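Shared between the two complexes below is chain A, which pairs with chain B and chain C, respectively.
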Partner chain A sequence: MRALKTHGLAGMALAIALVAPHAVGPYGHYILAMVLVYALVCMSMNVLMGMGGQISIGHAAFWAIGAYTSAVLVSKLGAPLLVGVLAGGVLALLAGLLVALPALRVQGHYLAIATLGFALVVHQILYEWDAVTGGRSGMLVPRPDVWGIDLSSDLSYYHLVLAVCVLAAWLTHNFRQSMDGLGLMALRMSPTAGQVMGIGRARSLFMAFGISAFLTGLSGALFGHLIGQLSTDSFTLTVSLSFMTAAVVGGMNSVAGAILGGLFLALAPELLRSLKDAQNIVYGLILIGFMHFLPGGIASLPQRLGELWRHLRERRASGDETAAVPRQKGGTA
Partner chain B sequence: MVISLIVAGLALGSIYALLGLSLVLVNKATDVVNFAQGEIGMIGAFTGMTVLAASGWPLPLVFVVGMLSGALLGLFLERVVIRPLGAAPHLNLLIVTVGLWFIFNSVAGLIWGYDPYRFPSLLPAEPLDILGAKVPPSSLGIVAVACVSMALLYLFFEHTRDGIAMRAASNNPRAARLMGIRVERVAAISWAVACGLSVTSSMLIAPVTFLDQQMMVPVILKAFAGAILGGFTSLPGTVVGCVLLGLAETFVGAYLSAALKDALAFTLIILVLMVKPAGLFGRSIRKKV
Partner chain C sequence: MKEGLKIRGLSLSFAGLKALEDVSFDVPPGAIVGLIGPNGAGKSSLLNCLSRLYTPNQGQLRYQGVDLLEQPVHGLASLGIMRTFQNLEMFPEASALDNVLTGSLFRHRVGLLPQLLTLPRARRAHARARREARAFLGQVALEHLADTPVGELAFGTQKNIELARALAGRPSLLLLDEPAAGMNPQESQWLGERIRRIRDELATSVLLVEHDMRLVMSVCEHIVVLVQGRKVFEGTPAEVRCHPLVIEAYLGEEEHAAA
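Right after this comes the complex of A and B.
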C-alpha cells in the first residue's frame, strides 16, 4: 500500500515535470532546469544531513569541482557531455572521500568544520589557477549534442537534467531503504547503539558523504552546461549555506522534500529580488524559523498539520481547554 | 627577523585564541558549534567603530563598550534563539547558528555597507627597535589585551561563584543541576562571555585586516583549526593550539609562500584529525552505555 502510494506520487511528480515546460516560456524552461539542478543538490543533502545527521557547509566546493571538471573536459578536451558530467560527479566523489576520511574518525562536528575549510581552499584554487579555470573572469561552457540530439535549447536540456534527476531520486530512495541506509539512520539516532548492533560508523558515514558529494558534483556539472559560463562567484560560502537552507526548507527526509527544496532555491531569488542585499536575512530567518517550528521542512507539513488536527479534536473531546499544543519532538525528521 | 616574526605570530595567534576560546566556551556550555561566532564579533566591532565615531571616547573605553554590546547580544541569542530549542538534535542547533551567520553577515552589510573601514589600533604600528629587531608596538598591544582577557577569564573560572558553576555544569550537567546550579544561567553567562571575547578578537584584528563584512570568515576557520589542535574541549589547550597556528602561519607566510598561508589551517585540521583526533590536549571521550 505504502509502496503503491510512493509510486503513485512519483508518477504524478514525473507527469507534472513533463507537462510543466509546456506551460511556460523559454525563461521558464531555464528556471525549471535550475529547479532540477538544485533538487539534485538537495537530494545529496538529504543523504548527508537527513539520513547521516552530518552537516556540510562546503558543498559549493563539490559543486564547483563537478562544474569545472565537466566544463574543462568538454570545452578543452572535447569530451562528450555525458562523460564530462559523469567525470564531474566522480571527481567530486573522490574529493568528498578525501575530506571525510579524517573527520569521520572522531565524533562531533569536525566534518562540518573540515568542509568549511575545504570550500575556502577550493575557492582560492579556482581563483588562482586561471590557466584552467579562467580565474575571476571565468570560462565559457559549451553544451554539445548528446547522441546527435541537439541540446542548445533550454527545453531539450531540461529533459536531460530531468533524466539524471529521476535516476538520482531512484538511487537515494533505494539507498534510504537499503541495509546501509537504515544503518546510517540508526547511527544518527544513537551512534553508540548503532555501533553495538554491528553497524560500522566510519563505513556508513563514508558512504553517505561519497554519495552526497557525487550527486552534488553531477549537479554542478549540469549547472555549468546550463548557464553556459562559470566564474568563482558561483561557488562562495553563501552558496554552500543556501544549499543547506534549501534542504532544510524542503525537508531532508524524502525525495519530495528535495524537489521542494529545489523549487525554493530556484524561485526564492526571483521572489526576493526586490529585497536585494536583505535577501540573506530572509534566508537566515527561514533557517531559524524552520528549526524552531517545522524542523521536517515543507515536506512534513501535511503530517504536522495532521498531528495538530488530531490534537485539537482530542482536546475538544476531552473538554480540556488548557492542554498545550505539542511541540514537534526532536529529530531533523 | 626571527624575533619580529615571533611577535607577529604571537599577535595573530592571540587573536585566533580569543575567538577559539569563545567557540569552545559556547560548545562546552550548550553543545553548540557556533558558526556565527565570528560574525557576532564583527557586529560588536562595527558597533565599537560607530560609538568611536560618534563620541570620540578613548579607544580602551570603546573596547569595553564593544565587548559589552557583544555580551548583550550573546545573552539575547541564548535566551531567544538557542534555549527554546532545548533538547533538539545537535544538527538543528548547528543549522540555527548558520542562520545567525546569514543574518549578521547581511545586517552588517546593510547597516555599514560593503567597503572596508579603518579601525584604529591600540598602539602605533611604527616598529620600534627591540634587541635589534623591528617590533611594532601594535602587535605587543594585541598580545597584551589577549593576555589580560585570558587572565580575567582564569580568575573568573577559579574564583567566582558563576565561574565555578560553569565548570561544574560543563563537567556534568545533571549532577550540577542536582547540586542546585542553574544550568540555564550558566548557558546564558557562557554565551555572554564568549560573545564578548569574540568582539575583542574582531576589534584586535580590525586594524590589520580593516573592518568589513567578510573579515571574520577566514578568522573563524583559523580559530576552529587552532581549537581542534588543542582538543576543542580544553581552554588552555585551545589557547596553545591557536597560538601555535598563528606562529606557524606567520613563518610559512614569510619563508614559503603567502598563498600557502591560508591553506595551512585546513591542512592542519585534516592532519590533526588523522594523527591525533583528540587534539594535543583533549581527552578522548569514553562513553558509558
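Right after this comes the complex of A and C.
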C-alpha cells in the first residue's frame, strides 16, 4: 500500500520533470537544472541531518570538492564528463569520511563548528591553489558531449542531471528503507539504546557522512558544468547555510522533501534578488519559522493539514465528551 | 558448560560519591538472579556498568570468559548480552516493528552496497529480520500495533515492546531493569511466567532488578541484596526473606511504606 503510494508519487514527479521543460524557455531550463542540482544537495542533507541527526554547516566544501574535481579532470585532463562527475562524488566521499572523524568524538554545536572549520580550510586551499583552480580569477568549465550526445543546450543537460537525480533518489530511498538506515535513525533517536542494541556509532556515522558527501559532490560537479565557470565565491559559508535552510524548508524525511528543498533553493534567489544583502536575514527567518511551526518541512504539510482536519472534526463530533484518550507518559522513576 | 557472568570487586563512584563498593557475584548460565535493594542502592548503576554505559573505577566483569571492560557498548549485543531500561529507551518515531527489528540488526549484517542497490541478498536478510521481529512482537501479543510509532503508545505497552526488542537479539544473558514498574499484580504475575518461559525455552540467563518483591521471590532462584552500593547478602529467596539485615534494610522499609 505504502510502496504503491511511493511509486505513484515517484512516477508523477518524473512525469512532471519530463514535461516541465516544455512549458518554459531557455532560462527556465537553466533554472530547472538548478532545481535538480539543489535537490541532490537536499537529499544529501536528508541522509546526514534528517536520518543521522548530524549538523553540518560545511557542506559547501563537499560541493566545492565535487565541482573542482570534475572541472579540472574534464578541462585540464580531457576526462569524459561522467568520469569527472563520478570522480567529484568519490573525492567528496573521501572528504566526508575525514569529517566523520570529529563526529565520532563531538556532537551538536561542536560538530557544526568542526564542519565549518573544514569548509573554511577547503575554501582557502581552492583560493590559493592558483595553478589548478585559477584562484581569484576562477576557471572555465566545459561541458563536453556524453556518448556523442551534445549537451551544450541547458535543455539536454537538464536531462542528464535528471537521470543522476533519479538514480540518487532511488539510492537514498533505499538507504532510508534499509537495515543500516534504520540503525542510523535509531542512533539519532536514542544513542544509548542504539548502541546497546549492537549498532556501532562509527560505522553508522561513516556511512551517513560518506553517502551525504558523495551526493553533495555529485551535485557540485553537475553544478560546475551547468554554470560553466567556477570561482570560490560559489562555496562560502552562506551557501552552506542555505543548504541547511533548504533541507529544512523542503522536509528532511523524504525524497519529495528534497525536491521541494531544491525548488526553494533555486527559486528563492530569483524572488529575493531585490533584497540584496538583506536576503540572509530572510533565509534566517524562514529557517527559524519552519523549525518552529513546521519542522517536517513543506513535504509534511498535507499530513499536518490532515491531522488538523481530523482534530477539528473529532472535536466537533465529540462535543463536551473527552475528545481523545489522554496519552500516558512517563511512569514511576 | 560455558561460564556465565562473573562480577568481581566492582566499585564505581561519581565525583567521590560511592555508587558501588566492592560488589561480587555470579549469574550462572541459565539462572534467574534477582538484584534487590532500596532506591539508590546502585542496582541500575550496576546494570549500566554491565552494559558498558558506565566504566567502573575498579573490579572485573567477565562474561563467558570475555573481559567486558575491553568491549565497546555496541560489542555486547554480539556477546549475547541484551537489556531493558528502567525508564524506557525506545526509538519513539519508529514503528513498534522497527523498534523490535533494531534489536536484531546486528544478527542480520549485510554490506552497505547490496542494501543501497536492494540486491536479493539484502532484501532476503531484511525480510527475514522483519519476519522474526513480527514473531517477537507476537510473543508479547502486540502484533496489531506493528506499524504504530512507539512514542504514541502507553508506558506499559512500550515496556513490552522493549522486552521484545531485547529478545530479538537472541540474548544468552538478559538484563531487566524494573520490568514490572507500573504494572498491576496480574500483569506482573504474567511477566513472571514470561521470564521463566524465556529462561526455559531460550536457555537465557536473567539478571532481574525489581522492586516488586512478589515477582522477585517467585521467579528468582538466587537473590543478591544491595544496600548503599554494597552487597549485604545473597542467597535463595527463602534465605533472603528471613535474613534480619535484609528485613531491616529493605523489606522493613517496604512494609513501612505500605503501612
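The working rule: the second predicted complex is superposed on the first by the 312 of 333 C-alpha atoms of A that agree within 3 Å, B and C clash if a C-alpha of one lies under 4 Å from a C-alpha of the other, contacts with A are read in each partner's own complex, and residues count from 1 in each chain.
Keep this in mind: contacts are C-beta pairs under 8 Å (C-beta built on N, C-alpha and C of every residue); 3 or more make two chains touch, one makes a residue touch a chain.
None of the values given here were measured: they were computed from a predicted structure.
Undergrad: Which partner, chain B or chain C, touches the larger number of chain A residues?
TA: The larger set of chain A residues in touch belongs to B.
Undergrad: Give one of first, second, both or neither to describe whether A:201 is in contact with chain B, with chain C, with both, or with none.
TA: A:201 sits against chain C, while chain B stays out of touch.
Undergrad: So, does A:168 touch the first partner chain B, the second partner chain C, both, or neither?
TA: Once the two structures are laid over each other on A, A:168 reaches no partner at all.
Undergrad: With the two complexes superposed on chain A, say which partner A:244 touches: chain B (first), chain C (second), both, or neither.
TA: It touches chain B, and chain C stays clear.
Undergrad: Please indicate which partner A:182 is in contact with in the superposed arrangement: first for chain B, second for chain C, both, or neither.
TA: Only chain C; A:182 stays clear of chain B.
Undergrad: Name the contact category of A:192: first (chain B only), second (chain C only), both, or neither.
TA: both
Undergrad: Tell me which partner A:102 touches in the superposition: chain B (first), chain C (second), both or neither.
TA: The answer is first: A:102 touches chain B but not chain C.
Undergrad: State whether A:298 touches chain B only (first), chain C only (second), both chains, or neither.
TA: In the superposition, A:298 touches no partner, neither chain B nor chain C.
Undergrad: Where on chain A do the contacts from chain B and from chain C line up?
TA: 192, 196, 330-332
Undergrad: Touching chain C in the complex: which residues of chain A?
TA: 171, 174-175, 178-183, 185-186, 189-190, 192-201, 207, 327-333
Undergrad: Help me check something: in the complex, which residues belonging to chain C touch chain A?
TA: Residues in contact with chain A: 51, 53, 72-78, 82-83, 85-94, 98, 101-103, 105-106, 108, 110, 112, 115-118, 122, 125-126, 129, 152, 154-156, 165, 169, 181-182.
Undergrad: Tell me, which parts of chain A touch chain B in their complex?
TA: 49, 53-55, 57, 99, 101-103, 105-110, 112-114, 116-118, 120-121, 124, 128, 192, 196, 237, 241, 244-245, 248, 277-281, 283-288, 291-292, 295, 330-332
Undergrad: Within the complex, which stretch of chain B touches chain A?
TA: Interface residues on chain B, with respect to chain A: 33, 35, 81, 84-85, 87-96, 98-103, 105-107, 109-110, 217-218, 221, 224-225, 228, 232, 259, 262-263, 265-266, 269-271, 273-274, 277-278, 285, 287, 289.
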